[in-house]
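In the two complexes below, chain A is the common chain; its partner is chain B in one and chain C in the other.
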Partner chain A sequence: MNLRRTGAVTRKEMRHILRDPRSLTMALAVPVLMLLLFGLALSLDVDHIPTLIYDADRTATSRALIEQFRGSSYFQILGYPDNYKAIENAIDRNQILLGVVIPPDYSRRIESGKEADVQLLIDGSDSNTASIALGYAQGVVQLYSLDLRSQGQNRKGGLAARKSPPVDSLLRVWYNSRLESKNYVVPGLIAVILMIIGSVLTSLTIAREWEMGTMEQLLSTPLRPTELVLGKMAAYFVVGIVDLSISIGCGVLVFQVPLRGSFLLLVFTSCLFLFGTLFWGIYLSAGSKTQLEAYQMAMLSSFLPAFMLSGFVYAIESMPPVIQAVSYLVPARYFVVILKGIFLKGVGLDVLWLETLFLAGYAAVIFVLATRRLKQKIT
Partner chain B sequence: MTEWAVEIDDLLKKFGDFVAVDHVSLKVGKGEIFGFLGPNGAGKSTTIRVLCGLLTPTSGRASVGGVDVARDPETIRRNIGYMSQKFSLYDDLTVEENIHFFSGIYGVPKNLRAERRDYVLKMAGIEEQRNTMTRLLPGGWKQRLALGCAILHDPPILFLDEPTSGVDPIARRGFWDLIYQLSEAGRTVFVSTHYMEEAEYCHRVALMYRGRVIALGSPRELKEKLSVSSMEDVFIAMIEAADKEAA
Partner chain C sequence: MWERISEIIRKELIQSLREPRMRFMLFLPPLIQLLIFGFAVNLDLEHSKIAWMDLDNTPASRNLGAAFASSRYFEVVALPDHEEQVQNLMDHSRVQAVIRVLPGFARDIERGKTAGVQVLIDGTNSNTASLVSNYANLVVVGYAAQVQAEQQSQQLLTRSPTAPVGGSVAQVNARSRVWFNPDLRSRNYFIPGVVANIIMTVTLMLTALGIVREKEIGTMEQLMVTPIRPIELIIGKMIPFALMGLVDLVLVTVAAIVVFHIPFRGSALLLLACSMLFLMTSLGAGLFISTVSHTQQQAMMSSFFFTMPAFMLSGFTFPIRNMPPAIKAIAYVNPVYYFMEIVRGIFLKGAGLQAVWPQMIFLAVFGVAILTLSAWRFQKRLD
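== the complex of A and B ==
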């Protein structure tokens, strides 16, 4: 390999990038847009659930239950209608997500120590949010009735021995103690951004040489395929590093995502991942003679898997076994584990070595494949 | 080393069933301007691409500067300049950036680069356009720049594949002046064209038709042999003879 020839390719490629408004926009706007869109809009946190409460009981007991709902920041009580119809209506019109109906005999049943049901009506058209909201509402109702009942029993028995409730679980959430979704969306997003930038931008580069006819000229010179691949890769690597800096900077400074682990390890593993995605783009580009074909292939094979199968937002454990098996082939999957590990858990290579090794292996394999494919295409 | 710059011996190149180059043999002497004539699709470009190491021959032998093209294409690429039909320059780079890039991939030593660049700019007459975007250059100038980029490494043998197609007659004339300059400096120029008047400028020509060489010699020899006054007439007469033979 000759460094002078490789360097000449890198310099030329940098000029192409800087002069092509399309690729420059893509290189800079994609990370910023993705971070803003997903970091701000993709909130999986459920709170301030719009709620209506129909109290048919109208006693001190039922009012105390309503107080429980009012006191929680998860719910936002929009009103207290006096009929059932109003709740149905409001759900149909998307005004509320949750309707609470306290039946007329609620307090009587509680006082006589019987089961007392509260009806919860929920808009299930967004199943994820619905099940979270349902969980919160059930929690409020159960806790309250348990509280009341044991108070009653204590009074009757005159004993202070049985404290309520009998079993109490103390939850401590590690690594993301307030369960804020941005804390895991933003690190995972770095994988998606690098994947898109890495493969889509590079996928155009060799296809463009074929399309413009400059490839033929390059082939008549002493320049070797390996030098062409590495020279181009180096230029796009610089772009990737810029995007990585934007993503990390934005994540830590704007979104206040904690970076608990080693910054150096983060950069090192990101570079490995970037090598793999860049070579993937070049591999695709080497195989197609038009930029459009290469672009479509790159979008399909980078964005979708990185988004869906990396565990970035959608938990891999809850996918069907076949899809889970496929996800092992997606390099972003390993990188997302690394990113979350470094950002949120603060763990190092002692835990993440296997994933890191995989990224390195992936980059090496794709590099060999890309160079070989280009050589085949030439002859 | 042989005295021949290019030697082709019974060269056959097939693409599937299609025979693009049909058992061609010819030799080109050092310092010669060798014209490769024939209509489009006659096999001129394919032959040139085999000689540049871009295609491997199906059978037969070809060597450039005494080096076999199938065996050692790398050595050949260091010793030739090739200009393809489309002027393969980067439109979004300036004239000087194109020159800089090609001297980089041809491996021109750092201390010679400025000298070679100035030589090429002067030869092509584009010194004042050195900072112009290549996309903005008129066709004739682009063509001279493409030639300049192909000779940055000072190759002894040049392959020019229809370098004058799509360029106006005055620019074409000027381009041939450049070819003469290069030839006088001792370089071999192997040039293909379908303009018959350009054949007159060559030292020797080969007429290619349907993959075969149907005439070979200096323009004067060919004209005298057929007792006609122009290369155009030679061309027509030879093609008619070839068609008759085929039928």
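== the complex of A and C ==
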């Protein structure tokens, strides 16, 4: 390996990047776009659930239950129709998510000490929102029932009224105490951003040389595959580092995501991850004859897994076992654990050493593979 | 004119399908995307791993423990008895929550005080965390109701052992009925969305890169010296891409039904018609990107800047209802959002023409507008 030749490739590639300011601007705007989209627009939090309540009973007892729904910030009551059909229509037209139906014999049954049913109709299309909304609604009814029960029975039995429930849960949330989506999305997003820059952008570089025929020219020089791989990698590494700085800066300063762990460790592990993704991009590029093909492969093998199988938004524990097993092959998975660990949990190498080791090993293996593939293609 | 158009269509089809590798690249990625999305995007929570820490160790606390262990939402995987163990479990993400019963739990219940149960949740993933807290709360409230019922019937018994007790307890039950997706499977919601997304990315990328490629390697010049007019070139280029998009649509829809058992309640014909309307938008956007790009790299980056927001603001996984007003406004002019509504409506709700016509009109207007704009730009650049 010759450092001078490697440096020449890097210089050539840098010039190539700088000569096309549009692509460069876009490459640097990727983190900004992603952070804005995810940080501002994305929230899986469920509140103000649009609700209609059909009260067929119309008594003080049923109104007491309605009060419970009105008092909760989770529900936004859009109206009180006087028939069942209105609720059906509103669900069909996507106007409401939840319909509460209080049957006509509701107060009679409660007063005679029987069980009364309240019907909850929910649009299950968006199952995540639906199950959270259903949980809230069931909670409201259960608490109300508990209350009613102690009141009613104490009156009957002439016992001293119990003012509070016998058991209550005291919630304490660690690491992200206000349960803000941005705090868990933004750190993981860094992995996705680096993946886009590292693999998708880089995958075009060698494919472009093949497609345009300039690879022949490079081959006629004494340049060796290792030098070509390292030289190209170095140029895009610079772009990646700039993107990384933008992401971390934006995340911490604009989105106020807490950075509780070591900054140095964050940079170190990010570089390891970046090496791996860059080599992977070059590996794909070396094997593709057209840029379209390289792009397709890069999207499939790097962006998609980093987005879907890294645990960045979609929890890995909820996936079927086979997919969970596949996710162990995705480097972004380890990096997301590291990112969330450093940002939110403030843990160090003592917890994250295995993930860090994996990233280093991955980068080394892919480097060897990329060089070997390029060598095969050339000869 | 039609003769020349059909010549271009033939050329495009041959070019795209000539190499087995390219054929493979046209139809395999959509299927892989569907599989990954279908299996991975699952926001349902079952068997969430929790740790159970019982510092009271009485029959009462053990009953609560049994209530957690038997809930289908939780799986007790650790029984820590020190603070450090709790810290360790949480730091290594081995458990999602720790349920801690403090000493004096049974005593507080007996004395009629409120006994606290600490629920310590890892908030890193705020979505999972709110589901976990929700379910934990339901378990605790359920247990509380049980304790209260027992206590009261016991008190009643001791006061007047002869009085009839059972059956006279007022209680309100919530009976829930879930529409359209009774098992609350998130897959049923996401996969129709994936179908919409795949159609967009495939056709948009093909168009944008396909046209820019001719410019980049110089074959556009060759096409220009032939008597083909720009509008013929556009039509001839787009029809093959539209066809491939429709083939992908059928492929992905069939896979969704066969592999994932997604209910398909509406009309296939209507889905096809709506997809054609939507294709105008994605082909138009692809053509537009090709007119502003000189290299495939630029085209790729520009497409990314179009598809990513279009995808994220379509209501695919993140409900638009939750977005801030300014972002909401953008989402409501997003054609993908309307197409997503249509696809989901047809799949899950069996929506017919009378339910989706407003969205169809929007897609038609948007599609014609962007196609006209792009065709005009394309023509201008060639002259």
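Assume the second predicted complex is superposed on the first by the 356 of 379 C-alpha atoms of A that agree within 3 Å, B and C clash if a C-alpha of one lies under 4 Å from a C-alpha of the other, contacts with A are read in each partner's own complex, and residues count from 1 in each chain.
The definition used in the following text is that a residue touches a chain if its C-beta (ideal position, glycine included) is under 8 Å from a C-beta of that chain, and two chains touch if they have at least 3 such contacts.
Here the structure is a predicted model, which means the values were calculated and not measured.
K.L.:
Please work out whether A:Ser318 is in contact with chain B alone, chain C alone, both, or neither, and reply first, second, both or neither.
P.N.:
So A:Ser318 only meets chain C here.
K.L.:
With the two structures laid over each other on chain A, which partner does A:Ala27 touch: chain B (first), chain C (second), both, or neither?
P.N.:
Once the two structures are laid over each other on A, A:Ala27 reaches chain C alone.
K.L.:
Would you mind checking which one, chain B or chain C, touches more residues on chain A?
P.N.:
C
K.L.:
After lining up the shared chain so the two structures overlap, which partner does A:Glu211 touch, if you call chain B first and chain C second: first, second, both or neither?
P.N.:
Touch partner of A:Glu211: chain C, not chain B.
K.L.:
After lining up the shared chain so the two structures overlap, which partner does A:Lys114 touch, if you call chain B first and chain C second: first, second, both or neither?
P.N.:
After superposition on chain A, A:Lys114 lies in contact with chain C alone.
K.L.:
Does chain B (first) or chain C (second) touch A:Arg4, or do both, or does neither?
P.N.:
It touches chain B, and chain C stays clear.
K.L.:
Residue by residue on chain A, keep only those touching chain B in one complex and chain C in the other, then list them.
P.N.:
The answer is residues 20, 212 of chain A.
K.L.:
Can you list the chain B residues touching chain A in their complex?
P.N.:
52-54, 56, 74, 77-78, 80, 82, 84, 86, 88-93, 97, 100-107
K.L.:
What residues of chain A sit close enough to touch chain C in their complex?
P.N.:
Contact set of chain A toward chain C: 20, 22-23, 26-27, 29-30, 33-34, 37-38, 40-46, 48, 50, 65, 91-92, 94, 109-111, 113-132, 134-139, 141-146, 148-150, 152-154, 156-159, 162, 164-181, 183-184, 196, 200-201, 204, 208, 211-212, 290-293, 295-297, 299-300, 304-305, 308-309, 313-315, 317-320, 322-323, 337, 340-341, 344-345, 347, 351.
K.L.:
Which of the residues in chain C come into contact with chain A in the complex?
P.N.:
Residues in contact with chain A: 21-22, 25, 29, 32-33, 36-37, 39-46, 48-49, 64, 90-93, 96, 109, 112-131, 133-138, 140-145, 147-149, 151-152, 155-156, 159, 167-182, 184-186, 188-189, 205-206, 209-210, 213, 216-217, 295-298, 300-302, 304-305, 308-309, 312-313, 317-319, 321-324, 327, 331, 341, 344, 348-349, 355.
K.L.:
Using the touch definition from the top, list the residues of chain A that touch chain B in their complex.
P.N.:
Contacts found on chain A: 2, 4-5, 7-9, 11-12, 15-16, 19-20, 212-214, 216-223, 379.
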